[in-house]
């Protein structure tokens, strides 16, 4: 009896194989994952600056920032969905509906409505509504987000087609036109809108439950449940927030183009996912964040801009982008390789 | 000692009725995709009875062929837990290459193109496995690269195919006017089904898809199986591209690009788990038919083309809601 | 009081109303009865031990207390009021917190975020996080257990044991949320802690009881006897005994838990045969970067070598690198004098090595596949003719091993994930035994999470294998087990071999002797 | 607990299928007007049995929408309804859709007025329609070596427009606006289409005649407005004020470019496009765009169906048509500040669709 009671806890302990030992310093892999994309961006800028005299001009910097603004707004919202470990393929549809909605709600060539900035808010709300629907379908019916958002995209394009009804509604609102072309301190106003959204995104990610819980759910959903987090609610909320940013992006494209078109979001979905992933926001969830995604957005935008400037044939631009993206990821992932590492 | 031991009854093993219930649930999951397909066909047939004509049915099956071939291959990658986004653009590239090479190689262009595509798949699989880059990214890059290759090779134009080299892919045979493509796809599917049923391949795919560490520790040929899945997926994509050339009489650099999302949708609607580890060729057949019926059937049923997208979206979501097995997806992402 | 249970009245006056009273809880799952009438109560400032074999219903009971499962019948009363728990969050708000056996910390969040996750309280104002407040409050919890873990550390960068301590700190945070004194449920909290950490935990439990009640669940009877005021024994889903530690000893408790007397004999020490002369595996200068440093090892035919060491000593890495799961360098590794090149688990298996991983669910088995499919997975060629599977042969082989290892399963085609832990483990072992050519079996905590009966069967299996000449590398849950099963014990410390201690049958070294080399 | 969840889900499933069925049936009433008529086997059909089908890429751009609306106007004038098909610019889907329409309908009484996705898609469409015996009119795209008179009895005609000519016309209008000298940029369409290539050839011809005009850059913008906007922005950065004109292969890209120029504060750059979408015509009327070319979508949508209708009712003898009538360039109008106002809303003129007037707009054979 006595030895048993004195027999302290067995010093032998099992440890999860492969789990790293405690360290105060982030390891090499983390540094690479966090700063690799930034390094790639700097390298790209240096490369293009060397190859093209126009690249490093103020005008081009302004152009790159302006071009990146729509994608950046989308990427902010998408980041939260990706943090969950989910995916969002509804961007094109949501942007289409938002674009048509805003064009029909502010002063336009098709009807007599003129709700001004309330119309913009309404379009953003419609975007949020799409996100809410995707979220509710994913969490309520337990359908993978891949499929719900794919379906929502088709629905969004369908609704936009119906709203379009044959004639593009052209904007007749001077205030909105001002937002598209006006500049503050040498940068377009939409650039500031994007910066504001990015800042909001960072604040949401860092200082709100949504940001925290999105990361927690992406990190380990079952554990998030065990911690008493209302997982479904925050998943739905993340989709809703994302939908709102897509709605805003649809509005931005509409103001840029001066009329509401169904194709407002064409190509943005893959571009946004590529940007987020290149920036280090992983599809598996829980990793990365708004800043990562924004770096990715800049990489993608600089690539497109730089390739046009140095005159690469339009045929191969896509292929070059593909190679660069894969190469960048291979380089950053190489030191992480391990025999038993599971990569899907 | 003031403790009593109340040894209870020790017997308590599986009880009948509940087991049957779980079996019934399994059955339901297996037949659900079929029910959805039947309901869709019935709904369209009510709107337009001609949909059930023999010629119409053959046409539906014929239309499903490229999707079927693409989905069969892509399903393997999904089973191991990855995804292959490059299949559609590989099929486009194959269409260009086969159109370019038929004048020189004749019928040999077909195997050569399939081998070229398989090599492309090998490259993707190798990068995925060796460099341990997520398959989504590797194949997303592949999508862009193969599109670029197709554009360059074709000079961004359509390459017409003359002659009868590919006529076997798109003709009608027998008394019932069976489309040859349907027979070809059926043969391919049969090969898949036999390999999956009678060799250990399925076991490796499933074990990797549901628990890759366990598969590794059990010495399953994880690397080889994953790479092989990519190779077969790419080869199937090449073959699908060739089948498309057979029916369009030309190869074009964007010919099949739009088939990517329908392929993935078909696999998932059939009930294969997008996270891997569960599914099979039978489910994929049903999924492909559901998506094909949705693609061609809505206009037959007289849905206004403006509203077609809305219907498509709603019905795809509804179909998936009914067919997926949620018990295989503890956490829906 | 449940009339079925004869109680030993504890020192507390019977007049004190219990904080938590559970009466006659019952629960049936699809195919089994998990709880069949569990009754117990916890009084203020009391530490109540809860013991039982695996499958006795401990986990289900705890889940019900925090609302992760609902009872079919029976009641839970908290401070005299009947409660129905609907989830962790509600349970926490009512003052019941739980430290999970499978940890509930989210790897990619910081320690501070994890400690207050879902219960940020004043650290979130108007939906916004106040980081300074969050850190401060988390630090308060860590200070309570005297931990020096940084609140800003990413949880995944912590060791398993550190994470366990964070987990405890997280539960302690309920203290401040409820004005009433909380009930803290500790589900096998020491299973992954080392000695010092366990002492910290026990000290913490002592401090905790001044302001809370504790339910302590463990399969280590000595611990339960040490820290508990009263102990309840669960068996087959019901409370079969309540006792006071001073009145019982381990043997009695063990007997109560399993319903029969197993004491003493369960390592089958007398069946340990001397190892043969021939060297099967010779390792020279094996180095795993940053973990193992020039390890030499000889393993004879029919020999069990136990590897002892604290966490971080490099023993897991040694074993995993021999199986090809981890990259390593070495001067030479030979099997039967021929070089062994284990580039991958697959190559190792081809060289007749088997490995039973500690994390069974993650690495050991494919839960969604059948028992038969799992058993034949590593040696599928045994049941293939050319490229073709022979299902009949496979089935026969699986059934043979189900029979031989007494795996309790409805059929060979039942999903492995649906069996109990012990039976799963037997199936995992069976997959290596189907090959006649098995020469070396690496067992990484093969009895982890198994109940006493299943453990005994695993021990007997190891004896049988060594009698057939198979060599075994063993890492075990307790030193006692390790020493009892091994011919020799290899003690590792800081990535090196500290010493090798002989442990022949009948002359086993004392655990303290082994311990000296480890720390 | 489990079983109720399953039951609820099953209930939902049944409800959804029911919804789908009801919705499909509901829509069928409004849409599938001209279907049926299995028994009609003769070469000519009763007018009420004729099934009119118009197929374009999608309804999300004004030009193709106006095409289908023109088809509706014609169908209404003869008491029928047009089946509107759209294939989202997906070649395989176009084939699938047409084959399905033929196999579920009655090909002997069917008229197909089709906009093939690309040159290559025309071949299978023609073969399919020919095998089934459905009357077919194709527009815009066809391979040069495939012609209706090569033994295709029911392929009535191929209507297209001289892209070289329109590309040159707008280029010349732009050069004039620029005063005969300066730098321009060109936005190409989807490179894989004959329209894009022909129009660009027209620009090159015009450039050869105007040596003072310099082509600063050419990029593809995929016939897409957003891409046009982005590419123009980058090119503005690259070339700055050297850009005096933007030549775009269609109006969508031109409008995108216009917006980019506006954002850059460059208001006096000449912008030209092709297609005469309402917004572009409005821009021309407002003076922000220089010119566009009208190909009259409603006429295209109506005339194709009318040809088939007349052939089925016996009023048009397909075999008797000249080669020039079976593959022709149709009239196109340059729209500039002078005639923009009157072209603001394109509308079908039913007179054009009378069996005698079908070939009034032929300007020459497809070379």
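As written, the chain order gives the labels A, B, C and D, with residue 1 at the start of each chain.
As a convention for this text, a contact is a pair of C-beta atoms (placed from the backbone, for glycine too) under 8 Å apart; a residue touches a chain by one contact, two chains touch by 3 or more.
For each chain, UniProt lists the protein as follows: A, B = ABC transporter permease; C = Sugar ABC transporter ATP-binding protein.
All values reported here derive from a predicted model rather than from experimental measurement.
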| item | value |
| --- | --- |
| Both-way neighbours, i.e. chains that touch chain D and touch chain C | A, B |
| Each chain counted as touching chain A (ABC transporter permease) and chain D at once | B |
| Comparison of A-C and B-C by number of C-beta pairs in contact, larger one | A-C |
| Cα-centroid distance, chain B (ABC transporter permease) relative to chain C, in whole angstrom | 42 |
| Chain B (ABC transporter permease)-chain D separation of Cα centroids, rounded to whole Å | 33 |
| Centre-of-Cα separation between chain B (ABC transporter permease) and chain A (ABC transporter permease), whole angstrom | 28 |
| Per-residue multi-chain contacts in chain A (ABC transporter permease), two or more chains | 141, 157, 161, 315, 338, 340 |
| Multi-partner residues of chain B (ABC transporter permease) (each touching 2 or more other chains) | 21, 151, 156, 213, 216, 306-308, 311, 321 |
| Residue list for chain C, restricted to those that touch at least two other chains | 30, 325, 344, 357, 363 |
| Those chain pairs that satisfy the touch definition | A-B, A-C, A-D, B-C, B-D |
| Chain A (ABC transporter permease)-touching residues of chain D, taken from the complex the two chains share | 12, 58-62, 65-66, 69, 191, 219-220, 224-227, 229-231, 233-238, 240, 255-256, 258-259, 262-263, 265, 277-279, 282 |
| Residues of chain B (ABC transporter permease) that touch chain A (ABC transporter permease) when the two form their complex | 81-82, 127-128, 131-138, 140-145, 147-149, 151-152, 156, 212-213, 216, 261, 264-265, 268-269, 274-276, 306-314, 316-317, 320-321, 324, 326, 329-333 |
| Interfacial residue positions of chain A (ABC transporter permease) with respect to chain D in the complex | 54, 57, 59-60, 63, 66-67, 109, 141, 157, 160-161, 164-168, 170, 180-181, 188, 253, 256-259, 261-264, 266-267, 304-305, 308-309, 314-315 |
| Complex contacts: residues of chain D adjacent to chain B (ABC transporter permease) | 3, 6, 9-10, 12-13, 16-17, 19-21, 23-25, 27-32, 35-36, 38, 59, 68, 83-86, 88-93, 95-97, 99-105, 118-121, 123-124, 127, 143, 145, 191-192, 197 |
| Chain B (ABC transporter permease) residues within the chain C interface of the complex | 1-10, 12, 14-15, 18-19, 21-22, 198-200, 203, 206-207, 210-211, 213-223, 277-278, 328 |
